[in-house]
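In the two complexes that follow, chain A is the common piece, with chain B as its partner first and chain C second.
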Partner chain A sequence: MRNWSTQKEALALRRYAGQRYACGKSVALDDLPQFLEAVLRPGDRVCLEGDNQKQADILAKALANLDPGKIHDLHMVQSGVVLPEHLDVFEKGVAKRLDFSYSGPQSTRIARMLSGGKIELGAVHTYLELFARYFIDLTPQVALIAAVSADRDGNLYTGPNTEDTPTVVEATSFKSGMVVAQVAEIVDKVPRVDIPGDLVHFVVDAKKPFYVEPLFTRDPGAITETQILTAMLAIKGLYAPYGVRRLNHGIGFNTAAIELLLPTYGEKLGLKGKICTHFALNPHPTLIPAIEAGWVEQIHSFGSEVGMDDYLSARSDIFFTGPDGSLRSNRAYCQVAGLYACDMFIGSTLQIDLQGHSSTVTTNRIAGFGGAPNMGSDSRGRRHPSEPWLKAGADADPNAAAGLRRGRKLVVQIGETFGEKNVPLFVEQLDALELADKLDLDLAPVMIYGDDVSHIITEDGIANLLLCRDNDEREQAIRGVAGYTDVGRARDRKMVERLRARGVIRRPEDLGIDPLDADRRMLAARSIKDLMLASGGLYQPPSQFRNW
Partner chain B sequence: MTSENSWYEAGARQRVAALLDPGSFAEFIGPEQREISPHLAIFDLPEQFDDGIIVGHGTLEGRRILVAAQEGRFMGGAFGEVHGAKLTGLLRAARTLGEPVLILFDTGGVRLQEANAGELAIAEIMRALVEARMAGVQVVGLIGGRAGCYGGGSLIAGCCSALIVSEQGRISVSGPEVIETNKGIEEFDSRDRALVWRTMGGKHRYLIGGADAFADDDVLAFREAALIVLAGNGRLDADVLEAEQQRLEHRLHRFGKAHDAIDIWTDIGVSEPTEIPGLATDEFLRRTTNKRETANGAR
Partner chain C sequence: MEKLSFTMKPSTPATGTRARAIVGVVASGNLEVLLERNLPANICIIDIATAARGFAAVWEAVIEDFVTRRPAGGLHISINDGGARPDMVSLRLAQGVRLIEELEA
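And now, the complex of A and B:
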C-alpha cells in the first residue's frame, strides 16, 4: 500500500537531525553550519528569504559557506538575488537551479553567471507569480527566513518589515517543509505574533537585526526641474482629469516629485481629496508632506522603509499597524492590492520601444522584475467599477456598449527623454531582446508590455496610447513625446500634429503649463532634512542620507 | 525647512544677485563674450559661455566690492583654464584697486579634462590671492553650495582672510570617495553622508577653526555674515602666520588621535555632542559659544 505521509516523515527526520544542534528550538550561531548540513539534503528546493528590502543575511552567509561535497544541487526559489552570498552559493556549487524575481544590485553578476552556465535558470518572475508558484509547483522543502525576535516557542515578531515572511511560511510549513528563522533576539514574549510558533521549527539567534536596504528613499535634493515638469504634467494632465484616487507609485525621482508637489501645486489646482487618497505603496519618505497636509487617507505597504518606523506608528489612521503599534506590511497582499484595487500605476523605466514595451534590462544586466509588472498591468480579472477605470476603458473603446465594455487600468510610464548620463529613454529595439538571444531565453525580460501601457509622460508632453487606433498612430504618439532622441527626431511631423489636434499628444502648453514654472521651490520639501522636520522629527533618516 | 532663499539651492547668478546691493552687479567677461574652455570640445563635453564662473563688481551696503561665483551645477564647479584665469584676473584687479573680494566657492576641484591647465590656474590664483592680501586686500570665501569646496578650491579657501560656511558647506582637500578609494572603506565610508558631514561639513569646520563664521543656508544670512567679516582687518604678515602655525601644531597634538568629529566636540567641551548635527543654527551657536577653536586670519 502506498505511504501517503512521506513528506511528514522526511520532515521528522530533518527535525531529528537538526535537534542535535539545538536546545529546544534554539540553534546557537556557532552551530549554524553543522545544523544546516544536518537538515538540508542535496537537491532540496530551498527558499532563502530576501527581496528588494529585507534579507535573511546570516542564513545566506551560512548557506554560502557550506561544503558543496555534502550539500549541493540545491534549487533556490527566492524573491531576491540581492546579497553577494545569494550568488556565492551557485559559484561554490552548493546550489544549481534558480527561480527568482528581483536582482537589483547583483544584476550584472547574475547575467554573467547565467551566460557562463553557473546557474540553471528556471524563470524570472514577478513577486506575485513566484509566490503563486510556491503553492503549485515550486513549494520549498526548507525555508530560511528572517524576523526581528522570537520567543522560546518559536513565535515570531517580524516587525514593520514583515514583507514576504507569511507567504513563505504558509507555503513551506503547511506542506511539510521545514522553517528556520534568524532573529535579532530571543525574548520572553514577542511584541505581536506575526508567525505562529508551531509553524516554525528552529530559530537562530543572530544577535543583530537582519539587513534592510533603504530602497524607497529618494533625496528631494536630487530632484531636477525637468522631473518637476513631468510631475506637473502628470498631476494636471492625468491625475486630475481621470480623478485618480487609488494608485501605486514607482520608486523613481519623477514620482517622488509628484508626491512633493501635492501639497503645493496640487493644492493650488484644488485637487485635495480628489486625487491620491489611497495607495498601495511602501512608506516613501517623500510622501510625508502630503500625509501631513491631509491628502492621504490610507496606505497599505509591501514592506517598511528604514527610518520611517516611528512615523508610521504615530500615523496609524493612515497605515496598517498591529496591536503593538508597529507597521504590519505584507508583500503578497499589497501586490494583490496593487493589481486589483488600484486604478493607476505610474513609474519610470530605462527603455521604451516603439510599441511601448518597456524594460529595465540593459545588455549586461538582469535586474529582474520585482513587483512592477503586477502593478503595471491591466488586471483582466477585475470586475468592480470606478471612475478612472471606466473613463480609461471608454478612451480605449468608445464605440463598445458601455455595459459590456471593460474598464482599463491607467498604466503610466514617466521619465525624461534623456535619462541618467544622457542615455535616451526611447529606443528602436529593447536591449532585452539582445539579452534574451544571448542567454537563449524563451521570453525577453519585458517589464511592462506595450498593450498594458496607457500613457507615456516626458517633459515633451503626454501621449495617451488608449486613444491610438492602430500601430502607426501608437508609434507616432510615442515618437511625438520622445523629444530630441533619435526616435523622437524620426517622427512624422504631420501625423504628430494631427495626433496633437485630437488630444492624443498633449504638450505642456496644451495643458496651460509653463515649463519655466517648474522650479524646485515648488517642492514641499527640498532636502531629507526638510522631510525629517515635516514629520515632526518622527522620521529618522539613515546615516547615508543625512547631509548634516 | 529649506529657506525660500536657500544658498544651497541657488545658482551662482542667483547668489550674486541676492548677496550684493540690488542691481549693483556688473559682470566682467560675461557669457555674451563666449569665453569658453578650449579643452572640453576635444572630449565632446558641453561648454558653458561663462565657463562656470561669474566675476564682476558691485556694492555691498554701498561699499564697492569684487565678487567671483562658481556654478556648482556646471562640471561640479571645477577649475579649468578659462575658469581659473577669470579668478586670477579678478584677484590681480583687487590688488591694483585695493578693493575687497568675495569668492563664492562651489567646486569639486580641478577638471580632469584640463588638469594641467587647471592645476596651474590654482597656483596662479593662490599667488594672486596672497599678493592681494599682502597689499591689504581682504578676500573672503563663502561656502555652502552643492559641490562643496574640495581639492584646489579648498587650497584657495585656505589662503583667504576669512571663510563663511553654512551647515551644507563642505571643505576638504580630498573628497570622501577619494579617501575611500585610497585608504579603504574601513577608513572612510563615503556613502555614510552623516560621517562625511561631521568630518568635512560646515559645523565641524566652524568648530575646529576651519571657518570663521557660520551662516544659515540663506542668501541673506550669508550677506549679513559677509558684512560682519568685512568689518575685520584680514591682516596677513609673519606674526599672523606664526600664530596660525602654532595653533595648527597644537590642534594636531590635541586632536590627532581622535577617531571621529564627535570625539573632538566632546574634547572641546560641547554638551551633548551627538546632537550637534541635528541642531538649528541658533541652538548650535549658543551651545558652542566660547568653545570653538579660532583661526588667525590664515588656516
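And now, the complex of A and C:
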C-alpha cells in the first residue's frame, strides 16, 4: 500500500536532525553551519528569502559557506538575487538551478555566470508569477526567511518589511516543508504576530537586523529639467485627461518628478482630488510633499523603505498598519492590487524597440523584472469599470459595442530619449533577443510586451499607441517621440505629422507646455533634506543620502 | 575633443537688444552656451567644442530643429560641451535665446 505521508515523514526527519543543534526552536548563530548541513539534503528546492528590499543575509552567508561535498545541487527559488552570497552558492557548487525574479545589483555577474554555465536557469519571472509557482510546481522544501523578532514559540514579527514572508511560509510550511527564520532578537512577546509560530520550525538569533536596500529613495537634487518636462507631459497629457486616480509608479527619477510636481504643477492645473488618490506603491520619500498637501487617500505597499517607518506609523489614515502601529506590507497582495485595482502603471526602462517591447536586459546585464511585467500588463481577468479603463478601451477599439468592449489598463513607459552615457532608449532590436540566442533561452527576457504598452512619454512628446491602427502607425508613433536617436531621426516625417494631427503624437506645444518652464524650482522638494522637513522630521533618511 | 561648426540660415532673427548671454555650465552631462549678437540677422553660426566624439549627425539634427523653432538670426553661438544629451542641448539653446531677449538685469 502506498505511503501518503512521505513529505511529513521527511520533515520529521529534518526536524529531528536539526533539533540536535537547537534549544527549543532556537539555534545559536555559531551552530548555524552544522544545523544547515543537518536539515538540508542535496537537490532540495530552497527559498532563500530576499527580494529587491529585505534580505535573509545571515542565512545567505551561512548557505554560501556550506561544504559542497555534503550539500550540493540545490534548486534556488527566490525573488531576488541581490547579495554576492546569492551567487556564491552557485560558484561553490552548493546550488545548481535557479528560478528568480529580480537581480539588480548582481545583474552583471549573473549574466556572466549564466553564459559560463555555472547556473542552470529555470526562468526569469515576475514576482507574482514566481509566488504562483510556489503553490504549483516550485514549492520549497526548505525556506530560509527573515524577520525582526521572534518569541520562544517561533511567532514572528516581520515589522514594516513583511514583503514576501507570508507567501513563502504559506507555500512551504503547509506543504510539509521546513521554515527557518533569522531574527534580530528573541523576545518574550512579539509586537504583533505576522507569522504564527506553529508554521516556523527553527529560529536563528542573528543579533542584528536583516539587511534592507533603500531601493525606492530618489534624491530630488538629481532630478533634471528634462525629467521635469516628461513629468509635466505625463500630468497634463495623461493623468488629467484620463482622470487617473488608482495607480502604481515604478522606480525612477521621472516618476519621482511626477510625485514632486503634484503639489505645485498639479495644484495649478486644479487636479487635486481628481488624480493620484490611491496607490499600490512602496513608500516613496518623494511622495511625502503630496501626502502632506492632502493629495493621497490611500496607499498599499509591497515593502517598506529605509527611514520611512516613523512617518508611516504617524500616517495610518493613508498606509496599512498593524495594531502595534507599524506598517504591514505584503508583496503578493500589493502585486495583485496593482494587477486588478490600478488603472495605470508608469515606469522607466532601458530599451524600447519599434513594436514598443521594452526590456531592462542588455547583453551584459540581466536585471530581472521584479514586479514591472505584472503591474505593467493589462489584466484580461478584470471586470470592474472605471473612467480611465473604459476611456483607454474606447481609444483602442472605438467601433466595438460599448457594453461588450473590454477596458484597457494604461501602461506607460516614460524616459528621456538618451540615457546614461548618451545610450539611446530606442533601438531597432532589443539586446534581450541577442542574449536569449546566446544563452539558448526559449523566450527573450522582455519586461513589458508591446501590446500591453498604451503610451510612451519622452521629452519629445507622448505617443498614444492605443490609437494606432496598424504596425506601421505604431512604428512611426514610436519613432515620432524617439528624439534625436537613430530610431527617431529615421522617422517618416510626413506620417509623423499626420499622426500628430490625429492626436496619436502630442508634442509639448500641443499640450500648452513650454519646455522652458521645466524648472527645478517647480519641485515641491529639491533635496533629501527638504523631504525630511516636509515630513515634520518623521522621515529619517539613511546616511548615504545625507549630505548635511 | 571634437570641434564642429555650423552656419545656418534661421527663419527668424533673435529679438531683444542684449549683446550677449551665457547659460549652463561646463560639467559632465552639461554644457555652457555663449550667445553673441554680432552677425547679420539672417545668419546664425554655431561653434561647438565637445568632449564626446562621433555625434556630428546628432548635433546637426538638433541645430536644424533649433533654428527652425527658435528665433536665432544674428547670433554667434559658442558651445562648450561636457557630453550633454541632446535634450539638454536643445534646452540650453532655447534658454539662451530666451535670455538674450530679456533686458539686462
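The definition used in the following text is that the second predicted complex is superposed on the first by the 548 of 548 C-alpha atoms of A that agree within 3 Å, B and C clash if a C-alpha of one lies under 4 Å from a C-alpha of the other, contacts with A are read in each partner's own complex, and residues count from 1 in each chain.
We adopt the following convention: a contact is a pair of C-beta atoms (placed from the backbone, for glycine too) under 8 Å apart; a residue touches a chain by one contact, two chains touch by 3 or more.
In this text the structure is predicted, and so the values were computed from the model without any measurement.
In the three-chain model built by superposing on chain A, chain B clashes with chain C.
By the touch criterion defined above, A:225 lies against chain C but remains apart from chain B after alignment on the C-alpha atoms of chain A. In the superposed pair of complexes, A:88 makes contact with neither chain B nor chain C. By the touch criterion defined above, A:459 reaches chain C but does not reach chain B. Shared-chain residue A:418: touches chain C; no touch with chain B. In the superposition on chain A, A:547 makes contact with chain B only, not with chain C. Within the superposed three-chain model, A:520 lies in touch with chain B and out of touch with chain C [touch as defined at top]. In the superposed pair of complexes, A:489 makes contact with chain C only, with no contact to chain B.
Of all residues in chain A, only 224-226, 416-418, 422, 459, 483-484, 489, 515-516, 518 touch chain C in the complex they form. Residue ranges on chain A touching chain B, taken from their complex, read 221, 520-521, 525-527, 529-530, 533-534, 543-548. Per the touch definition, chain B reaches chain A in the complex via residues 1-2, 4, 6, 8-9, 146, 167-168, 191-197, 201, 203, 277-278.
Contact residues of chain C toward chain A in the complex are 52, 55, 57-58, 61-62, 83, 85-88, 90-91, 94-95, 98.
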